[in-house]
């Protein structure tokens, strides 16, 4: 396609990419209108449109930083030298082929990695200026500040919807004044309030998959985390629920940082402000490139990134 | 474009497939089926023969067989008929069984939790072997150990309990005889049923869905709050089933109870007192010198025991099977 | 770039640091000291007093430490952790005591020469332990258990085959009944055989009567374990056999059973281990002889549990010693079968799903 030795112009690259994705180029205002039908956007357009909506991120301070993270399972080195900043008020997507350590990475962020008997790590995870792996740190408190939503919705079936949302408080034995207010606020932020407000005393298992996942989001919000980690939250759901949850993520981003692992590049382009691309060539997974989403999708610096986001592999 | 729409077809009729098994297979199935049904029939036969032989005794005593407390042989010279009643012994069986559950189930569930969630990796396997070995020890060994080793200690504990808690009617002592009491029998039985309950509880805990456990931890739960929120609600049914299996075993135990329980044909609520009973021990006690009439009564007693343990085991297995399917 | 030498070492920052261990050790030390102090200065005495105080102080110390270092949630967690450890310790202590006493009381005065060559027909139980032996019990147990195994193995395995392979109309019912049958008290099994074999059919005490009673107890064990083992065989194997044109019977006999062989052996051995120590059914069926009886169908027969029982009832010092010796030898036999079962079971991998 393009000659590797001569640098492409951004426009050329855009055209090339749109040819690869098979979608007509229509982001530019002055493009010749070949097809009058409403064009499907290329990934680049989606990403570009996304960045336009969000203002500048609030850097540093209450964000989360990973420094030099390595991970092992026994002797197998699965993550190598990952350093990333997660800014507060933003959504960061982690993309890459399966098996390159993205899920392992986010489990290192909320100290769930250590449950696996052969797990080991190196590096630091800085939250509020302190390393969460410092000796003497109360690990349960870390998990209150860094919450997680899993791939398969897992509400507690023995609890009602109301009890599920408030279960985090019960487990942490946190007492609050007005539980009902918190309940409504969390369910509203998760986009579930209208659908369940009349049946808060029903059991969690009666909801659909998408509703269950939003219930899990509400449950994570109840303990007031600073960061919410999401491990492929939509991969077990139908497209309608997926869109609902992506809306929820966008709304949540204003008050809390979100890190989302996803296989779906379109989702990453739709939802995130920043993107990190992971890749493993049979060895440990590495962070190939990490920058704003529009950069990754329109102007990736690494060839491997470009190959991945243009669908050449993965 | 001339396409004639096809007439609405009637719904397709599924074909009936018949497979005639070959002769060897028919023989095979026949042999296997009779083996299986034999087992089924055996249970029924047990009940039948016990009733058949104990019929006279039950007929003579009527409902009094269950409610009567005396076990009196006939005295032909005085013209006094035999009066056989298992009431006191049945009460004793049930009391020792319940005591065994009260003392044994918490230890067993604690051990199961230990093995599933607390034990360090190097301790797990040896501990499982410990529990399995406990299950393999024959009951007569527990009977001997219970009498010669445990009872002196248990007697001391019983005295202490009476001293500090004697105001509760259960722990009162009309006469200061602390040996061979329902309490001690319950203690020995508790140790004997621990392996069964632990094994069932462990199986149940092992099946707790990992995703719920992870969800609880991700919300900042400690190990115990996770267990309380996820494992116990999930495993409650299975553990109850396991406890009932233990109860069934305790109700039917014979020689382990015989040595550490003094048979007294009376119902008392004082569990520390050397007076109690158990249908199984009574049968063994009376069997050697029983005449024909008394033998019939013993058969009837065995039938009663059979029914009680059968009911408990049916219930236990039903609970376990139900929760296993969920 | 990807060949960079690894300068970073794997760490486990969540594992207990030496600092944590020191805190734990201090806590344990404090617990013991406090216990000794309380036991010394209060009416609580003796092993029980010490044990109870120790338990109480452990819980208090662990809870207090966690409450001070962290918060209430951690304190509750610590106290339940201590309770769980205590439960497990009870179990270990109970088993240790049983095994210790068996060895102490049973193995101290063994005289293997006499034990395995003589019976008790010429010796009274009260006599010195160098006289008399238990060979009659060995022979009896051997007869009875062998016969019971021969009877119950085919029936048990056939039952398992019915439930898993043939899956007949009554399979669910059979399964449920077999489960229930494993809860039948051993004395009821003895009474049943007594009612049928001796009362109804008029036979006297004999070894086979005992064997019948043990069969009733063995069948459920063999059937249930075999069923679990057969269920573990993946259905692909059966389908492969049938797809090759084999009949069901050939598939089962030549594919399934060889694959399940070690598991089935385990099932039988477990059945044997279960019944070799059963006492109550034998008390009603074999008569408990003192002499060697080589005829399994006639005449009173002895067996290990009966031998122990008889001596226990006699109650004199030497008799009790004999009882313990019998227990010791019985336990050795049980352990051998137990170890065999684990060996064969392990060869097939875990029996658990």
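List of remarks:
First chain written, first letter: the chains are A, B and C, and each begins at residue 1.
Here is the rule we use: a residue touches a chain if its C-beta (ideal position, glycine included) is under 8 Å from a C-beta of that chain, and two chains touch if they have at least 3 such contacts.
Nothing here was measured: the structure is a model prediction, and the numbers come from that model.
Chain centres were defined as the mean of their Cα atoms; on that basis the chain farthest from subunit C turns out to be A. Remark: among chain pairs A-C and A-B, A-B carries the greater number of C-beta contacts. Rounded to a whole number, the gap between the C-alpha centres of subunit B and subunit C is 16 angstrom. For the pair subunit A and subunit B, the distance between C-alpha centroids works out to 53 Å.
The set of subunit B residues that touch two or more partner chains comprises 222, 225. Chain contacts: subunit C has residues 73-74, 76 touching two or more partner chains. Within subunit A, residues 140, 172-173 each touch two or more of the remaining chains. Residues 46-48, 73-74, 76-77, 80-81, 83-88, 90-92, 94-95, 97-98, 101-102, 105, 154-159, 161-163, 165-166, 168, 170-171, 173-174, 176-189, 191-192, 195-196, 199-200, 216, 219-220, 223, 247-250, 252, 273-274, 276-280, 283-284, 305, 308-309, 312, 320, 323-324, 327, 330-331, 334-335, 338, 352 of subunit C touch subunit B in their complex.
Across the complex, subunit B is touched by residues 110, 112, 115, 117, 140-144, 147-148, 150, 152, 154-158, 167-168, 170-173, 216, 219-220, 223 of subunit A.
Residues of subunit B touching subunit A in their complex: 121, 209, 211-212, 214-222, 225-226, 229-230, 233-234. Within the complex formed with subunit C, the subunit A residues making contact are 68, 70, 72, 77, 81, 111, 114, 119-123, 133-135, 138-140, 172-173, 281, 283. If you check the complex, the residues on subunit B that touch subunit C are 21-22, 24-25, 27-29, 31-40, 42-43, 45-46, 49-50, 52-53, 106-111, 113-115, 118-119, 127, 130-134, 136-145, 148-150, 153, 156-157, 160, 191, 194, 198, 203, 206, 222-225, 227, 245, 248-249, 251-255, 259, 280, 283-284, 287, 295, 298-299, 302, 305-306, 309-310, 312-314, 316-317, 321.
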